[in-house]
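In the two complexes below, chain A is the common chain; its partner is chain B in one and chain C in the other.
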Partner chain A sequence: MSGNRGKTIVLWIFVIFGLVMLSAPTLVVLGASFTSGNIITFPPDGFSLKWYAKIAGASDLRGAFLRSLVVASICTVIAVPAGTLAGIALSKYAVRMEKTIQVYLLLPFTIPLIGSGIGLMLVLGNAGMLGQLWPVGLACCVINLPFMIWAVTASASGLDPDLELAAANLGAPPLQTFLHVTLPAVTPGIITGALLMFILALNEFLVSLLLVDARIVTLPVQIYNSIRSIITPDLAAISVVFIACAAAAIFLLDRLVGLDIFLKSK
Partner chain B sequence: MPDAANAATARDGRGEAPIAVSVRHVNMVYNGQHAVKDASFDLPKGNFLTILGPSGSGKTTLLRMIAGFGAPTSGNIVINGRAVGAVPPHRRSIGMVFQKLALFPHMTAAENVAFPLKMRRRDARTIPDKVERYLNLVRLGGLGDRRIHQLSGGQQQRVAIARALVFEPDLLLLDEPLAALDRKLREEMQLEFRRIQRELGVTTINVTHDQREALVVSDEIIVMDKGEIQQKAQPTETYRQPNNPFVANFIGVTNFLQGKALSFEAEGEVRFLHGDVVLRGRAGSAAASLGNGREVRGALRAEQIRIAAEEAALTGLDTVVSGEVEDAIFEGERVVYEISVPALDGAILRVFDHDVVGHTQFEAGRRVFLGWTVKDVLVFAG
Partner chain C sequence: MKAARTAYPIRWRVMDALEAVAGILWPRFFRAGTPYLMLAPAILLVGLLVLGLWQMADASFRTLDTNTFLLSEDYSLANYKRAVTESLFITVAGRSLVGSIIVTVLTLVISFPYAYVMVRTPSATLRKFLLIALFLPFFIGQVVRAYGWLIILGNQGMVNEAFGLIGIAPMRLLYNYPAVLFGLVQYMMPFAVLMLAPALTAIPEEIEAAAGSLGADWVRTFRHVVLPMARPGFVGAGLVVLTLSLTDFAIPAMLGGGSQDFIANAIYDQFFRTSDQGLGATLALLLVAVGSLLVGLVFTLFGAGTLAMGRVKA
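Entry: the complex of A and B
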């Protein structure tokens, strides 16, 4: 009996320790953003929203945030068709050299971001495409595409192959079968993947750092540039805005497809 | 129901029931293995055919080839006079009920049923009426707005049937759709299939491993094993005149008595030696191959063996032996005995007993008498 109780206490200590460690950075940033002082501290020095007012008024931050949204949108727009088709193909058909293709598609995971960043910088630079926003979106798509493929594959592998045969049997030509049966069945995976891609591209720092110049800095790069001069609480405030974006995406995901599908996929 | 003679004339193209499906020398080879081997049969219009066989017998492969999912390695499939070899599944007029039903989960019951009509570009104004008519046919009137997961297993079955029939296909295929249901619901749905099939007169091919279902629903049964058709006959004939030991064993509970053929008597009677005992039976098919001295097997159905406590109660039967009850299993409507018979080299015979009057049940260890007639034993080469 007492052994059981001891076990419970130890378990709870572990759980609480884990939760505190995981949430501490978020809580610190959240707290620090509401400080009324002029330096970033935790616990905050008084309470005010002045740093939020400051970032709302700062045109460079606003511009950077908008650019980040554009980059994230471009990334998502490219990733959805590419990742959906690749994911369906990989999970449903006996594609030749399927294993090789899978490894290749997962490769961006295994290469350090700084490596792929330099590679992309060289390629895009040689093509004379740097200095624009869309190559940054494309680059974010390239390095994060495995997430999209993974989300779609998780959905598509649960798809009963007989569903497509049934559609054919009922008179649907292949394209109609794809539109009416296959696509709806993998929609949860597409939504999950699209939101992931959007958030990842919005937050993407390292590769963006290499691909942007002073005219088109994205928000994470802008923050990084600010840190190099002085650390003021407005950085905490902008971080909170970031966190809010991610939270909104998770909320949207839960509303649209339910978090359970996201959590139980492999 | 067209009888055998009728079907034979239909085959010549002169009878009143034309051939709906003709399968000619169809082979399917996977990795050098014959999944289906030289399958040939004709199915008259309006008939209900069941392909019965254990798993791996090739029955589902054959059905899927008829649906157009996978082309035969060789041979022809002709539906309504048209060879369908090069016709993709969506251009064949075939309704199919899948084993796992394959209903579209993101659509309602009515949308599922409307799907084939939309895909076939039927007049949009007539679709709702038609959908409702077929939902009523399967007794789902008023449930069209339900999502698939809001329906019970039996109701989902009915949606699948309505969806497969609503476009008035030339042929209905059933790929073991009842396998997953519990027994009561399964038996209810078997009768439902039978009712709907008779009502619409649609030619149907049903695939199952359930011998009872095959006997209950079919006009004709094809028994398959190891990719080959073993027998094609009406249910009563399949049961009473099995072509070979496989069919005899697969349908019903059958005791086999091994022996050597001794002599052939009048009216197809065969005498054979089992151990030291001479047994009598009637020749099964291919009696010509049962030469004297050949190994033969006598097949004896469990329900054909009469059981009694006294030898005198079995007078009038051709063969009477004594045995000892090894096990008695009460199954409700009958008692299943396992009885060892010293005179037959200690062979264990399975016996069904329906003692409707006395409700007698013999205990294990009890000495009993078993009896049967010559025509109860069907003798095969073997």
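Entry: the complex of A and C
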């Protein structure tokens, strides 16, 4: 049918355009990191790993990367229990003022990032807590918390409440019911949420920029500060660290829960 | 004794002890409060944001004393007056608003076919490939992506070098409005596709087949069946893209090169360049108000759609 061929052609023109646009920066950064020249040129000057050797020896970049990992870990450690409990409470119980609580918990998502960042900067600054890493992790947790709650509610809605009643009926006290029935049922959501929180905090730029000072810059801020001057391949090599982390997160997500869950209708 | 121990394993003893502790800390008659106890940590965390808004509101009523570089003790509306009358802020606000609307339209146009093919393709491999291509930039972060565009579009960048090879003079592709909008569309596409996909999954394929067998060609099927039925997805995606691109900082800063500032950049400058915390807080609050107004308007008109986080309504 020629009609269907037209549909396929039109759709694929858009899809290929989208694919190129999505992938071009990643591929170019990957390619540029392997150049043997001192500046990034096209076509590339040849293949070498010297920029990786250079960043491995740069203590400021290594420090920034470690700090980003610390921030992401703190964020995940706070977000997982808080988001899991809230997600289960919202999806299982008839909570009074449910609408209000939902809108309230969506605030981190509806308040623009620059607004949240400035607000948290004022709060943490007035409390004298700036200049350390854990407030940055805490801030990343606050601004991304809806992602954790969404992930948990999405899998908690698949849990049949009768299962918990059955467990209680068989004599399981509340804590055991929670640990052996409720929690395993929402585990896919917890894994998805935890991965999202970790990777979003690892990449978080604006809130980091507002909350860190020169001594504790995180890696995205470090890259941003270095970009102003000339574009050299060492930045491409350090960016590949992010690409590797993203690839690892996608691999884990696919292995543990399957990427297809993002296509499911609610 | 030994037999008794195996009959009642250590794990059970631990669980019993935990149950007893839980029973003491949270007795039975508190049971009705359990969901609120579970919600408490999340509510406290978000409370930090509310506290932040409060402190911003306080700062927004204080003007900067240019002699001491401290905020005034007494309250006034002077900052708000400056924010809505100074031409710099009006220009920046207009640029952000127009830009975010263009970005939203372009992003939805490009994302819909991508989401459609991803949901409808019979090939699991292709679906996975499209998903990975979508998640990779999503998980890489704005700074690295913008850096990639700097390499591609810079004056000595790939595109200009390629132009040179075929004899076209290098052009300035960066640090202008279209570059910022292009970068924003690329940044927003994963969000839009991920919000559209569930809405498209919810449309049964048979309905499209039915429209086809009733004589509609694919264009008419799309226009009269698929697009209207995917409306919740378009609402969610449009809202997310509009608010995120209206308030973005990194892309205008890196691809605009200081000449294409959006609102977020103007706010940042007030805090870190001019050190006028009062005016900065005022601008940030106004942005929060506009953003919330947009979200509230869409929620009341169309419902929370794919953004809802509560129980599934029967």
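Note that in this section the second predicted complex is superposed on the first by the 253 of 266 C-alpha atoms of A that agree within 3 Å, B and C clash if a C-alpha of one lies under 4 Å from a C-alpha of the other, contacts with A are read in each partner's own complex, and residues count from 1 in each chain.
Everything that follows uses one rule, which is that a contact is a pair of C-beta atoms (placed from the backbone, for glycine too) under 8 Å apart; a residue touches a chain by one contact, two chains touch by 3 or more.
Everything numeric here is computed off the predicted structure, so don't read it as measured data.
Between chain B and chain C, C touches the greater number of residues of chain A.
Contact with neither chain B nor chain C is seen for A:G128 once the two complexes are overlaid on the shared chain. With both structures placed on the common chain, the touch criterion links A:A249 to chain C but leaves chain B unconnected. Residue contacts after overlaying the shared chain place A:P81 against chain C, while chain B stays out of touching range. By the touch criterion defined above, A:Q176 reaches both chain B and chain C. Of the two partner chains placed around the shared chain by superposition, chain C is the only one that A:L235 touches, whereas chain B remains out of contact. Once the two complexes are overlaid on the shared chain, A:G46 sits clear of chain B and of chain C alike. Annotation: chain A residues 173-174, 176 touch chain B in one complex and chain C in the other.
Across the complex, chain B meets chain A through its residues 67-69, 88-90, 92, 94-96, 98-100, 102-106, 115-116, 119-120, 163-164, 167.
Those residues of chain A that touch chain B in the shared complex are 160, 162-163, 165-174, 176-177, 180-181, 184-185. The residues of chain C lying in touch with chain A in their complex are 15, 18-19, 22, 34-36, 38-39, 41-43, 45-46, 48-53, 55-56, 59, 109-114, 116-119, 127-128, 130-152, 154, 156-158, 161-162, 185-186, 189-190, 194, 197-199, 201-202, 217-218, 243, 246-250, 253-254, 263-264, 267-268, 271, 277, 280-281, 284-285, 287-288, 291-292, 295, 304, 306-312.
Across the interface of their complex, chain C is touched by residues 3-4, 6-7, 10-12, 14-15, 17-19, 21-26, 28-29, 32, 39-43, 78, 81-83, 85-95, 98, 101-102, 104-116, 118-123, 126, 138-139, 141-143, 145-146, 149-150, 153, 157, 173-176, 199, 202-206, 209-210, 220, 223-224, 227, 231, 235-236, 239, 242-243, 245-247, 249-250, 253-254, 259-260, 262-266 of chain A.
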